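Contents: one structure, followed by commentary.
The letters A, B, C, D, E and F name the chains in turn, as written, and every chain counts its residues from 1.
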Amino acid sequence: MTRTSEQGEGKLARVKVTRRVHFSAAHRLGREDWTPEENRRVFGDCSNPNWHGHNYELDVTVAGEVDESTGFVYDLKDLRDTVERLVLADVDHRNLNLDVDWLHGRNPTTENLVVAIWQRLTPALPAGVQLERLVLWETPRNYVEYCGE
Amino acid sequence: MTRTSEQGEGKLARVKVTRRVHFSAAHRLGREDWTPEENRRVFGDCSNPNWHGHNYELDVTVAGEVDESTGFVYDLKDLRDTVERLVLADVDHRNLNLDVDWLHGRNPTTENLVVAIWQRLTPALPAGVQLERLVLWETPRNYVEYCGE
Amino acid sequence: MTRTSEQGEGKLARVKVTRRVHFSAAHRLGREDWTPEENRRVFGDCSNPNWHGHNYELDVTVAGEVDESTGFVYDLKDLRDTVERLVLADVDHRNLNLDVDWLHGRNPTTENLVVAIWQRLTPALPAGVQLERLVLWETPRNYVEYCGE
Amino acid sequence: MTRTSEQGEGKLARVKVTRRVHFSAAHRLGREDWTPEENRRVFGDCSNPNWHGHNYELDVTVAGEVDESTGFVYDLKDLRDTVERLVLADVDHRNLNLDVDWLHGRNPTTENLVVAIWQRLTPALPAGVQLERLVLWETPRNYVEYCGE
Amino acid sequence: MTRTSEQGEGKLARVKVTRRVHFSAAHRLGREDWTPEENRRVFGDCSNPNWHGHNYELDVTVAGEVDESTGFVYDLKDLRDTVERLVLADVDHRNLNLDVDWLHGRNPTTENLVVAIWQRLTPALPAGVQLERLVLWETPRNYVEYCGE
Amino acid sequence: MTRTSEQGEGKLARVKVTRRVHFSAAHRLGREDWTPEENRRVFGDCSNPNWHGHNYELDVTVAGEVDESTGFVYDLKDLRDTVERLVLADVDHRNLNLDVDWLHGRNPTTENLVVAIWQRLTPALPAGVQLERLVLWETPRNYVEYCGE
């Protein structure tokens, strides 16, 4: 087997690998220390007291050098299992305000949600593999992106 | 202006016209006359007491003869306005179990939802235009279709 | 080679086969025998005198029995070539009001366009293959469907 | 719980329910009783002796009356399990010419594949639920549709 | 309400937020100081004198720190309103060569269009929010990306 | 014709331009110097000896200054022709393990494939145009990205 991941002079190629996952959840935007009127003014329909919900799409991108033995940066089955265990098991078919320990007390905007997911995933990756980027779609027209900055 | 909608011997062409709309809502599957355990057994995660939610896509298809004067079956702006007034205004950013009069007492499965939307829309169309088909996507992998049968 | 297209007792399976094609064109809705104000009132922004345009997606569906020798209803390369020769060569990167002989004098609504494409394609298919359905997307939210009725 | 599936005078609504599934497979078009040159002439690149492959998307649509008790036509989890057991387990990450008993001896055109899947699924559905339609995408531009005719 | 946007030691998370919008327009590539033949040679079908058109998709991405009070980088309704007022109101259902003041005298390639949109939007954003990236799709197969470099 | 690509003080805008292309191929993951059992353990179903396959989508992104004369970074027809000649002609409807000289001896993971395509394309671009990024989708849920690092 030819060494395939070299980029000349022994430099290994650094590739980004993405797994797209899906979850469906209810939520409500707002602050508990604001009145319903204040929440309504700032968050509009998104503060409906009886909740609303979304199909979220999440692109989890990790980066690292291509392993010379396997040709993988990171086995996508392992990445999927990690994301299912640490994120999807807690949020899919759940209420983001009420059911998720690691979102407790946070206003579940897409921005806050993507940062919280980053904090869940980044310590769980093995040495040599970095969490590179999360893209979280709330609707087919709106998405946020976070790179740990 | 040549008459364009004739199909020979004065027969007017019958065309189906579709407008795709979007809404986001919370819901929970289950029957109020069942125990939580029964609901859990039949509806699984979809019966989560704290709700979950979806981005729904709805294709509203009407059919009719092409009007010789305008080249339209039905002005899509009018169709959009009708759907927004009778459906989206009630369900978008709402809870399908709690907030929607015309779903009251119904278990909001996708099947029951599409039938209820049909019942809302079909009397609102003008003479000569028939509601032909509704396709309702609950997730990118699941959809239902109803033709009034 | 086992006979594969039989559905029991020698009945051959009837399958629908679709090729999706793409074209980009300019157009303007309106009638030449109406004033600009009348056209504006009925067709809104779509009657902008300086034109506007779309990326159209067209699904061409033919139906027929599966040929026992090839396992094809109709070779999709032949279908693509027919559609390119009779439709795309005339409309792609063209103006539907000015550049297309077979739309001359027609108000290029999506309804009129899909009927005109049907009239182009249906005589061009070989015996045993019927034009079954055309679906024409004008935007990602609007499409029309025509089955020759 | 109000009876929701009635369409007036006790007539139950008939709804179509679809689950979209995915599989990746290798195949080669051609007849074993033809020479490579004949296969090349009829099937072109699709007859490459070393195989090629696709990501297939399959929409499985069943139809039936909406159950008054559950609001379901057919539990989509059951439909998914049936399709996984009878179809995906055999074709996903497999070679359609070599690895699949129920395609043995068939030229794996999309037409023949969709008919064979129909024959697998239709006897496996419970009373009151009919297989209504299969749509099988071979590429984002080509798909076939079969309704058991 | 817990402070959610901190990334440890008081560093606020910087998130990118995107709104996807849509417009349909006619255009023609070419230079007024070139002959039709020269324009034909360089721009091909895109220089058709009678125009052609596209459905454009535009992803507008802004970046900033997550506001601790609202959990937003920038309210997407405000972003949408800004894009509608400064871009879509001028280009949707218009001719990019003839109808748009801020494109006057520019050859409306996708590259020139994305740079012009950047110049429209970047001064309109509030302090603390930067225009990060524009992605402009001309067809489902072609897109350009601009980051202000 | 106004100079359109200036960004103030004579600085030319640097824009990224992408062409999305498609190919269908068979492959099998594994190392020839490992036993089938070892390959099975590491690569799972992807090591099926009889191959499997995918529809690949490849986004080829080049970057450069916008040419003041044409308004192009790089003519997308030229980019498409380059990608078709150097990549698609070799891999479309082929077996990535057996049929492609420039993949010979490489385990055709998506990571190794994207690096190999980079090495094919980067020397073929004209002065002033850099290969910026390749995104290669193996399924609608998995993709890799390479920027030459």
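Here, a residue touches a chain if its C-beta (ideal position, glycine included) is under 8 Å from a C-beta of that chain, and two chains touch if they have at least 3 such contacts.
Predicted, not measured: the structure shown is a model, and the values here were computed from it.
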| item | value |
| --- | --- |
| Steps needed, at fewest, to go from chain B to chain F via touching chains | 2 |
| Set of chains adjacent to chain A and to chain D | B, F |
| From chain D, the most remote chain by mean C-alpha position | E |
| Chain pair among E-F, A-B or C-D whose interface repeats that of C-E, sharing over half of the contact pairs by residue number | A-B |
| Interface sides of chain C and chain D: same vs different residues, half threshold | different |
| Chain whose average C-alpha position is farthest from chain B's own | F |
| Turning angle required so that chain A lies on chain C, C-alpha fit (0 to 180°, nearest 5) | 180 |
| Distance between chain centroids, defined by C-alpha means - chain D, chain E (Å) | 41 |
| Where chain B and chain D are represented by their mean Cα positions, the distance between them in whole Å | 26 |
| Inter-centroid spacing, chain F versus chain C (mean Cα positions, whole Å) | 33 |
| Residues of chain E engaged with two or more neighbouring chains | 140 |
| Which chain pairs touch, all of them | A-B, A-E, A-F, B-C, B-D, C-D, C-E, D-F, E-F |
| Contacting residues of chain C [partner chain E, same complex] | 22, 24-27, 45-46, 48, 50-55, 92-95, 98-99, 139-140 |
| For the chain F and chain E complex, residues of the former touching the latter | 1-2, 4-5, 7, 13-21, 61, 66, 69-73, 76-77 |
| Contact set on chain F toward chain A in their complex | 29, 31-33, 42-44, 104-112, 114-116, 140-146, 148-149 |
